Structure formats: structure tokens, C-alpha cells
């Protein structure tokens, strides 16, 4: 369970969010620029909220009053970035294994081969990110985040560059991750159909600008 | 190909040894300093930055003389080092390495710092969300991406060390087989009325050594750039 | 105002600076000086440097220019002399006998320093003197060669070297060293500072060149410890 | 604050003038060479690269001496330049600039080259699809993005020039008001009996000058990095 | 009219394309990694085809036999990149004007204000690209390509990160560009609905891998 009560600020942009997320998948929906990616960054520990607190399964990740702010690497929260952020100097395989290899055996809930087959990226293993197409990058980024078997998976428009066939393959997989491995997710998307497939719980974000 | 006299061999080997040690010993502190200067804000940062650079802006005899004051047998640090560890930099090749190091450190630090500054911090963030702690981020992301700068730094450091004259002769003097590197040998013959022929030979030896270092570093950096994807879209 | 350019060995810096200052207050000329190693200066003059007066710290570089017809004929004068001394740090003196029977190598521990024995005048003289006394072979390995006399002096002043061979002029100006021996003047080539007018020098510079040989100028040289050689 | 004697003032002004000219005159060719080496493949590239670097790996008297032979009154190039343009580098401050330039060019070229190599060529491609020709791409994309490296290059060049001693004294001598920069002035006073106090003053002047240059360049580079977005995500 | 008869190769990936495009908008459709972006790069002059020719309105842009290969800047073809490729050191405004300011008055078919109002990016003018959200970047990239008033506009998934409201605003605008300013377009998208809105002419790409 994720309890959020924070205020995010970026320049003139201010977004106060209060929410209690109980279901395993929560969709996040909102216009471009409304603060979806910023929210995920804040949860992952990359963006420090102005104030408030973030509590995940009883553990305080951030609390401005108690001056608690766990580092991203201590949170074990997987974030799939909107723009991939693949490591340009590492092969696809090394990108995929980057988080995975830091886990103990018991924490590894997936197999490399399995994930890659599903995402159809096995043939890309030895490539560098710059040698990938847009959709291939996106699939590798998704694979990297999932393989890290996080306590909470943050997905920022994970399927936006993919064709319908691939979407139709990957969505059921995410449903399996939700049901079998029981990794809770926040799912940002502009496609209501994708969100609908995974959950009925949706947060609608509306930003306000400081003046 | 010409044959080298024993003295020439000795100067060549010594130069290679001093420049190699200078680069190897210097690269780690250079990376650490570069990283500090590129990524951290702290009190005294400007001062640290300046201190590293000072040897560059003074005539090399001055750093050489200051080294003598500090690291000579009777220097504060030199005395202590000798009593505590039995180390001595005075009048030996280690002192030549130290002198080279002081002169080439600013060059190493600046190149590496530049490259670290140009590494996208968002990639470091991405690594953190995958469980990498600060050290892992440094070694798996920042430094590999800054590798071109580290190589340039190493090359500049090696080159500067190969050419180092003033600080070396002032700190450790010109002792055959011990501190007489190629520059010191060249200086000595070039100041003799009929030394030009000998100087030419020594200069050619220096150039060959430098050229080899340059080619090697270019080869590495080319491979690296291909790997890191800096060179154009394939 | 006319201009005179004086190229002089770095070891003459102090004396010549004082002399030229004094001369300029009494004469309507500007004297430009360039102080560097004698070899550097000689090569610059060979390459056409605008020098009019050259003061060398040794004979060989004056010879070098003379051979190449860069000097005004017959102007060369050996104005100053110096002597070679053995020094120690002030508080670490040793007693030395400056003759062949004495075993200098075993009389001290540590290093001995002097100018580079191939290229720096003081080092060249030192090597000759040591060879003459039969000390060279045993000391060669312990010799620290320096870029110039001043660095050799500094090594001894700091106690980094147990012994040093420098000019008497240099030893005298330092209160941190003690002269423990004087090399006999016949043990090495005569130490002289030849002065000359460079080919094409103006009349004004000839006048100044003359002044350098005057009693007033020579008094200054003496003050700085140089031996003034009477022609 | 201490007062400067006329000689000290003269050396300070000269050093500043020489280092500034060296940086200003050198930066354009340095950028051109860096760009060539970073982005082009051509015959003789390794040789060009090596030639630029050679002055670094030799004791500075050697480049100084070669400059004397080439650019002296009787040197081949010097003779020609004088007859054709009436230019002379011999024994004047312009020669000091030339000597500094030769010694600092490798440092400038390497930093700028490194920064150019790290510019993403896909951005250059994007500019081309918007109608920018090669020059526009260079001036609107490549160089602005390489600006941190250009600044570092300029700083290293300026610093190296401030500290340049060996090549300068060998090429243009140590002439008051003309070529006696701070390092040469320091050399001169070291050769005077009671020179240490004077040397200390001159060293402090050098350091202040260098420190000012360093602070200025840090200030610029900080502003630039914020602008270019290298420093973290805001 | 665009005549294509080329073979594109990237590593193991080989894509031969033969096509005559006559309508003002042509949709390009195909699975992730099938070569859509590569095709656009080739037309823009950024990727040199292995062989063949590209002719636009009678002008040869590329011909491997005749050794003709016009530089990108000589083609006046606008390309909106899949990943934006905004210039990181230029403000949003300077990014938008980058191509525009190189045009003579008569070539400028749009007004900055008009385009920015439509794309809702006017308030972002002084920002740097790194201060934009994913969808904001995409809109700026689209604006930049359109303002360049190219002879041919290549759009690589231009609306993938945008919400439905914005899509519903921008698609009619692209239709206007097609009808009023008569700029022909190649439109890459995974969303058939977007393509359908603009054209009935669709190229389906199928790649083959060299073996």
C-alpha cells in the first residue's frame, strides 16, 4: 500500500497530491505536462518533493518533517523512464542485467530468457542502445525495470511506441506480473484502453501553476 | 636504425619509467579530484581547484624548489616520510616521478573533470533506481562514460611528464641513471658548443617515445568511441 | 635616447643590474638587459639577436661567437675572475685537505652537488678540479648536477647535499654555508668572464663597454665578490 | 596590499599581455585543429596530431631553440616574414606569444577535441534537416555544445602561457619590458643574492593573476553548464 | 510526388523499398523495428541507402549510380524525430525558430504565434528542453519541423506521447496543413486511427534480416 501526501514543485509548476493506493495496479492519467512523470520521479526518489510524506507498505520513504529521504537505491522501486534512459555504453544484455545482477537469488522473480522472449528482444543482446529502433529501446527499458523485480513498478507510458500486436502481447504479461508475482504498479498512459485492461483504479491528475 | 649508447638507453628507460609511474600513480587521485570538482559543492572548492593548478602557472623551478623545501631530506614532509615509512624522494627517480606528477596533475584533472561534467546525470539517476549505490554508479556509469576524458588526461599527463624538465632538475638534480631523464640529458648536451648532433639523437628518441604513446592512446580512444557510440550513427 | 642591449650570463645579474642603473642616471641612454645562460645568449646572438655587449660566464661560448665572426674584433676583454670553493651546510662542516692524498669520498656521507659537468660552467670547472685531485672517480656516482650555480647552492643551504662546489662569489653571499676548501686556481681552467662588443655595436655601447672597465664599475663587481682582473 | 615596483608592474603587464594574446590568437586555430581531429578522417592525421603534441614532450628549450632557428632574424621563416610583411618575432613580445602558443596549443587542442567528440552527432543531423549548412551546424550546434571544453582549453592555454619559461627565454631572451614575463623575472631575481624576498613577491603576483583567471573561467563555466543543462536536473 | 526505389541496410537489417507516393499524406505502418524511422532518415538524407534512387517532384535527391546524394540541408525536407532531438542548449523558442529563421519571407508559410498557440507551447518559450515533459518535447519537435515549411514533412510517431484531447486538436491542424498549405507528409504511427484520419494511403513495411 502506497500513501502519498506530497507537494511537487518544478519551476512554476506545482502539484499537490494526496492519495492512498491500495490496489495492485493504479493507472495514472492526465494531460501532457500535468505532472505524471514528476510524480513517478518523486516516488522513485529522484525528485525531492517540497514537503509531505511517502509511505510504502508501512515504510517511510520520504518525510519532510522527520527529514527522512531514502536514496533511490534504497527504495527498490523500479522505474521505467518515458525516454528509456538506457545506458549508452552497455550492450542490451548488460542494460537488462544492470539491476538484476544486484539482486540475491531469492529476489530474482524472473528469468532473463523468459522476459526477453516475451519482449522479443533476445536477438538484440549484443547491440548498443544507439543501434535500436524507438520501440526496441522501449522494450529493453521495460525489460530492465521488470527484471529488477522491484517492490513497486513505475511505468511511464511503457507501450507508447509499440505496435498493436506487441501491445497485445505485453499487456497480458503485465497482468501476470500483477497476479502471479504480485508486484504492484503505477501505470502512466494516455491510452485509457491500456489502463482499463489492467485496472479500474485510476488517478486523474490536474496540475496548477503557481502565480 | 641507429644504435643507442648506454647513456642514451639509460635516459630512455628512465624517462619511460618516470612517465609511466607518473601516469599510473596520478590517474587515481586525478579521477578523484576531477569527480569532486565536477560533481560536488564544498567549502574550499575554489581553493582546491587553484592549488592543483598553481604548478602550471609558475616557472617550473618554483614548484621544484618548493618540493625541495617540503620533500627534501630536511623538508617537513620529507623528514617525516623518511622517519615513518623510510621513504625518500630526495635525489632519486621517485622524486622525479613526484615532480612530474605535480606538473601534470592539473592537465589530468582538467580533462577528466570536463568529461565527467559532460556525462548526463539522468543516466546516473537511472542507475540508482536499479539499485546501484554511489560507488557502483561511479564505476559502472560515470567513469566508463568519462573514459575518453580519462584517456586524454592520461595522455596529457604522460606527455607532460616526458617533457618535464625544470621542476625535476630543481628538485632532484641531474644524476646519471637515477634522475637523468631524456629532457635533462637533452638540456645538458644542447648547452654544449658541439652538442647539437647528440641533442638531435636524444630528441629523436624522445619523439619516438611520444609518438608511440600518442598512437597507442589514439588507438584506444578510437575503439572506445566506437564502443560508446560517440562516433556518428553507424 | 639611444638604446644599448646588454646580454649577460645570469650569474652577473646582480652586479650588472646595479651598474646599469647607475650608468643610466648619468647618461642619456636606455640599457636593455637580457640575463640567461651563456649558451642560450650565444646562440641567440648567433641567430641575430640585437645584442651589443655580451658578457659570458665562460670562455667557450665567447670562443663560439668569435669563431663565427659575431664579435667586434679586438674588443674581447677578460674582465672578471672567480674561484672555485668547496662548501658545506653551515652546521655540518667537515675538515678537508685540498690535496691528492686526502680521501674526500670517505670524509663525508651523502651527495655532492655542482652545476652540470657537461654544460654549466661551474660544473665543467668542478669536474676538471676533481679530476686533477684524483677525486673524480670516487665521487662521480654521488654527484648531483644542477641547472645552475644557484640551485647547487640551494641544495647545500638546505642540507640536502653534504657538499657543494660553487663559485666563491656565490658562497660568500650565503650565510647558510661554510667554505671548507678552495680549489687551487691551477687545478682547473682559469675561471674568467669574458666581455665583448658584438659586431655592429654602436659607439654609445662602446662607451658603456668602456665604463664596465672603469674603477667605479669594478668596485661594484668586487662588492659582489668577483675578482677583478687587471689587464 | 603591497605596492609594485615599476619592474614588477612591467613583468605583470607583460605576462598578462602575452598570456591573453596567446589565448586569443590560439583559440581559433585550436578549435579548427580540434574539430579536424575530432570529426574528420584524412591522410596524415596521426602526423598532424603528433606535430601539435611534440612541444609538450620535449624540454621547452628544444622548441625554443627550434623557434630561434626558424623565426630568428636569420631563420628561414623569420627572414621571409620580415621581408614579406615586415613582421618580426625575434626578441620581442610577439615572439614570447609565439613561444607560449607553441607550448600551450596541445593543451587547448586536446580539451576542445574531447568536448567536440562528446557532442552527439545526431543533433548535428537534426540541424541539417532544418536547413543548416556545415558552417551553421558548427557555429550553432557543435561549438556551443563544446563550449565547456573550449573554456577549459582557453584556461589551460592561458595558464600554460603564464608559466612558460624555457621556450621563451631560449627563443626571445630575457629582456626587460619586452620579453621579461613573470617567470623570467622570477628566474632573474633568483639569481640575485637576496632574491628570495623579491621572488616571493613575484610568485604571489603570478598566483593572484592565475587565481583571477581561474575564478573567471569557473564563473563562466558554471553559468554555461547551467545554461547547457549539464548540471543535474533542476 | 515521391519515387522511392532503395535498399536500406543497418547492420544485419536490410529493407528494400519500392514505392510511388502520389497522395499528399501517406501513412507508414509496421511493427516495431521494421524500418520506419530508417526510411524517413534515408529520405531526409541522414542515412545513405545501399543503392537505388530517391526522386522528389522530379528532382533526384539520391542516385547510387549517378553518384548523386544531396545533403540534408539541400533537400528542404522536414523531419520530426521519434525522440525529438531538441537542441539542449537552445530555448524552446530558439529551437522552434531554428529552421524557420533560415527561410526567406516567402517561404515562411506559418506564423510562430499561430503554431505555438495550437500546440499549446507558448508558455514554454524561455524553457530549455530538459525542463519539458515528454509530451511537451514532442509538441516542440513537431512545431519545429512544421515551422520549417518543408517541401515534404516526415513525421515519426508525432503524437505518441500526447493525450487524446491534444491529439484531437493537432490532427485537424495537420489536415489543414495538408489541404491549405499543401505540404505532403509521410506519417509514421502505430495508431491506425491517426493515420485513418489523415489518409487512406498506407504503406505496410515488412523487414527482412540478412542471413
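As written, the chain order gives the labels A, B, C, D and E, with residue 1 at the start of each chain.
To be clear about the criterion, contacts are C-beta pairs under 8 Å (C-beta built on N, C-alpha and C of every residue); 3 or more make two chains touch, one makes a residue touch a chain.
Bear in mind that the values here come from a model prediction, so they are computed numbers and not experimental data.
Chemist: Enter the minimum step count from chain C to chain E; a value of 1 means the two chains touch.
Modeler: Graph distance in the chain contact network comes out at 2.
Chemist: Starting from the defined contact criterion, work out which chains touch chain A and chain D both, please.
Modeler: Per touch definition, common to chain A and chain D: B, E.
Chemist: Taking each chain's centre as the mean of its Cα atoms, which chain lies farthest from chain D?
Modeler: The most distant chain relative to chain D turns out to be A.
Chemist: Quick one: name the chains whose C-beta contact count is the highest of any pair.
Modeler: B-D
Chemist: Cα centroid separation between chain A and chain B, in whole Å?
Modeler: Their C-alpha centroids are separated by 44 Å.
Chemist: Could you please state the distance in Å, as a whole number, between where the Cα atoms of chain C are centred and where those of chain D are centred?
Modeler: Computed from C-alpha means, the inter-chain centre distance equals 35 Å.
Chemist: Centre to centre, by mean C-alpha position, how many angstrom separate chain A and chain C?
Modeler: Roughly 78 Å separates the two chain centres.
Chemist: Find every residue in chain A that makes contact with two or more other chains and list them.
Modeler: Counting only residues that touch two or more other chains, chain A contributes 10-11, 46, 131.
Chemist: Among the residues of chain D, which ones contact at least 2 other chains?
Modeler: Residues 61, 65, 122, 125, 187, 190, 233-234.
Chemist: Please set out, as single numbers or ranges, the residues of chain C touching at least two other chains.
Modeler: Answer for chain C, listing residues that touch two or more other chains: 40.
Chemist: Once bound in the complex, which stretches of chain B touch chain D?
Modeler: Chain B residues touching chain D: 46, 49-50, 53-62, 106-107, 110-111, 113-115, 117-118, 121-122, 125, 148-149, 152, 155-156, 159-160, 162-163, 165-166, 182-184, 186-187, 190, 199, 203, 206-207, 209-211, 214-215, 218, 225, 230-233.
Chemist: Contact residues on chain A for chain B in the complex?
Modeler: Counting only chain A, the residues touching chain B are 44-46, 71-73, 75-79, 81, 85, 87-89, 98-99, 102-103, 128-131, 144-145, 148.
Chemist: Could you list, by residue number, the parts of chain A that touch chain E in their complex?
Modeler: Contacts found on chain A: 10-11, 30-33, 35-38, 82-83, 127, 131-136, 138-139, 156-157, 160-166, 190, 192.
Chemist: Per the contact definition, I'd like the list of chain C residues that touch chain B in the complex.
Modeler: My answer: residues 37, 39-40, 60-61, 63-64, 111, 113, 116, 118-120, 143-147, 151, 154-155, 158-160.
Chemist: Taking the complex as given, what residues does chain D use to touch chain E?
Modeler: Answer in residue numbers: 122-123, 125-133, 136, 140-141, 144-145, 227-229, 233-234.
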